[in-house]
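Read through the structures below before going on.
You will see two complexes here that share chain A, one where it goes with chain B and one where it goes with chain C.
Then we have the complex of A and B:
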């Protein structure tokens, strides 16, 4: 009996200890810190109740980071989900006639998922360079006005969103392709018998309802990734100009690790975590309900 | 060919060209001589391609050091992750012990915790024990992997119990079964998880930015930012060569093992 327990401890103990030490304990600590004014390196801290949360939701800067994250997400989520679906439908449609071409295109779309985002952000920065960049050069060649993609306060968030979409489409495409290949061909035969002969009606009667679970999963994963946007902000704009591209995770980084306001940054962390948990709860609630046609 | 197929092909190809643009531009600028970069006559492709920027990035900058750090950190994380995850996942799948359900529940719950949430307390603890600015600081926080435990537990659970029992009858130790029976049989999942882990940590910027300030410890993404911020905007060619060099290992790996990479990275949606 003792030997059995010792074996179990030897097998499962280290990983269990690591999970407690590096995941559960820090989560508990962050929830406590969020209600204090602790500064990194300070000898003591005071309990401040909800003050940190009031600052996040009440101050111009705090609200700005939250709203920017929501705007970024509102652009990236629908765009990269719809584009991912369209690319998957397009590739699925040509796979039979041009299997090689389809495979190559799928590879191309997936490249941004495997690539190092920071390196690619450096490349995007050069692409969007006001004078040396290809983007403004082409825009000028078309007779349009060149833009300050990363220094125009009204534009910068959308420039970053474009990169978010660029990165997310391939991932969503792979999931939609898997969903499409799981649809039974007999369903389309049945739809034909019922009079749904053309692309549109077949899509609405069969493809779209059968893709329900996939679509839900794709939307949730895309949303979680959008809430988390950090690398492009830290690489390309540092949240600027004038906080125009400040987002929640970047604000967490800045307040916690640049200004060393551990208490306030913990409150930001708690709000960020709550948003992701809410998303997961929504996912579970919807899965329970009506997205499955089985 | 039907017009619909041709239209699909045209649109999907156009999209693919847009997806490729930053890659093409990065490689193209990295191959351009200085005078072709700093000119109002911007061209997509280099007129007189040269490898000079790569030579400069590899001999006059710390890019090789950043690449080496990337190998040390991602390799260290993966080895330690597997060292503690494989036996634990085996125990969760094939042994009954007190607290097993609790542990598995904890693993599922931990899947919901993104790394950013744990960053502040881990940073404070590491600063207390003087661990910041070390390789250990870059590696240790990631050895606890709920995602790895979950994936491997599910894979090992597929192994028939009779096979495990047969190994026990043959006198194999439990640790031996974990490594010499479960591990090889679960290898496809181990590989998928390894690809996920290496990609995630090679590409990570957040934690290296938080846990280290020394350029000697910079991982590739942290390092390329050091490089960019040091030069005054004059070294764009070598910068693009550096960006190409640090993203090349993963891209080459992906092109060589597409199916495994896609599997490994697509599963990431299960965790937050």
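Then we have the complex of A and C:
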């Protein structure tokens, strides 16, 4: 009994200690700091109550970052989920007839996930360059007006969103492919016998409902990634022009690591943390009920 | 008489593999046909060819005399109960049963959730569907479970839902793919009776696909034995069991594998054994003090109603015999004599086909 206990402690103890020291403790510190005006390196800090939160939600700049993040997510989440699903359906469909082609395409779609986004951002910067970029060359060749992809205040957020989608599709595709291959083939047989013989009705009768759990997971993961958008902003636009692509995590980085306003940055972290927690809680609540069909 | 369904010279190849090899098989109106074979013999593919889930590489599928080889599964209007039941897990029992009626009775816009509010024909159609669903649900004692999801039901209940979904429309034929293999012994016996009764009541042509000969022999009017993609023998259960037309069928049919003594060796049982292989079912191999074959008892398998005795003759041939209930049992190591009645011998020629014993 004692030996069992000692073994259990030995196995689980170190990891648990590390989690407490390096995750729970810092989170607790951040929660406390969020209510102070602490500056990195300052000897003291004053309790300011909800002032930091007021600044985030009340100031033009804070609200701008929040709204930009929401717009970005509103574009990226549905697009990359739907595109990921379409690509997965297509690849799953051709796997039997053309296994080679399907394998190659899978790799191609997955490359953006495996590649370092910072390095890819440089490549995108070149593609989107106003005068040298390929993108504007093609647009000009088609007879359309070249765009200032990363310096137009109305466009920059959508340019970043496009890169976000490009990056998310591959990952979502892999998840959807796994979901598709887990569907019992006899369900399709049953649907055929019952009269759902064509693509669309089979999709609604079998594929879509059977993908429910996968879809929910994909949406949650995509949402978490979209809310966290940072690399492309930091490497390509620095939140500009004129804060047009300032997002919540980039603002957090700027306030905390450029201006050293640890208190304010902590407040942003708390809000961000709460949002992700809410999302996860929603997932658990939904997963338990709706999509597992128990 | 025109068969309800007929496979005519049907071959199905998957790449180089021949799953079904030139099969001609009739399913008559009102009959209960069992397709019996070991796993991998092509029986499930045959069922899928009948149902329209697979297209034949060669040959034709006839429905009431009409060639339906190129027609879709739902236009053949067959009902199929799957081994895994294949219920839609996201739908209630009611929705599962109603599914085939909705798919063929309603148009796409009529299937939308609010359609019943706006259109009178939709209301009428839904009303009819509701009637049929409730009738078949009552027949299969599912009326109290209609709002449950399949995941909340026991295996036996799920199977009744699968039956109900298959029966809810008037099918041209009813196919059952290994319907009993997921059930425990007691439930199996009940379900056997239930399916028999269902056949008697509905009168649809039933096709049962199974690897379990007890199911096939006990439920079907006719049994087709399938071996390596071909129909090896077809006939009433008694005929298939008592007069297997080939050595392969003889070895396949029977709860206990038939003893087959190779020619030459078999002459101890009958003089024809000099040129023919002779088969004896373990049930017919009698252990006693007298008999033409000497053997040593190797081991005994006690199975409740019966005991299987494993024996070996002096030449090293393994033989099996069955003892019923209260018969005295020998002990391992005992020397015994074996005999068999001439009427219980199954002679086969060198090609494995049934031969006649010279009288």
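General remarks:
Criterion: the second predicted complex is superposed on the first by the 278 of 294 C-alpha atoms of A that agree within 3 Å, B and C clash if a C-alpha of one lies under 4 Å from a C-alpha of the other, contacts with A are read in each partner's own complex, and residues count from 1 in each chain.
Simple rule for what comes next: a residue touches a chain if its C-beta (ideal position, glycine included) is under 8 Å from a C-beta of that chain, and two chains touch if they have at least 3 such contacts.
Note that the structure is a prediction, hence the values are computed from the model and not measured.
With both complexes brought onto chain A, simultaneous placement of chain B and chain C is permitted, the two fitting side by side without a clash.
In the superposed model, A:230 lies in contact with chain B only, and not with chain C. Partner contacting the larger number of chain A residues, of chain B and chain C: B.
When the two complexes are overlaid on their common chain A, residue A:189 makes contact with chain C while staying clear of chain B. Vertex at chain A: the C-alpha centres of chain B and chain C lie 90° apart in angle, rounded to steps of 10. When the shared chain is aligned, chain C comes close enough to touch A:212, but chain B does not. In the superposed model, A:201 makes contact with chain C only, not with chain B. Taken over all C-alpha pairs, chain B and chain C come no nearer than 15 Å in the superposed arrangement.
Looking at the complex, you find that chain A touches chain B at residues 4-5, 7-8, 10-12, 14-16, 18-27, 29-30, 33, 40-41, 83, 86-87, 89-91, 93-94, 97-98, 101, 105, 107-120, 122-124, 126-127, 131-134, 137, 166, 169-171, 174-175, 178, 199, 217, 220-221, 224, 228, 230-231, 234-235, 249, 252-253, 256-257, 262, 265-266, 269, 272-273, 276-277, 280. Those residues of chain C that touch chain A in the complex are listed here as 48, 51-53, 72-74, 78-80, 82-84, 86-90, 99-100, 103-104, 108, 149-152, 165. By the touch criterion given at the top, residues 1, 4-5, 8-9, 11-13, 15-16, 18-23, 25-26, 29, 37-38, 40, 42, 44, 83-85, 87-92, 95, 97-98, 100, 103, 106-107, 110, 112-114, 116-124, 127, 140-144, 146, 149, 174-175, 178, 199, 202-203, 205-206, 209-210, 220-221, 224-225, 228, 236, 239-240, 242-244, 246-247, 250-251, 253-255, 258, 261-262, 265-266, 269, 272 of chain B touch chain A in their complex. Taken together, the chain A residues at the contact with chain C in this complex read 184, 186-187, 189-190, 192-197, 201, 205-206, 209-210, 212, 293-294.
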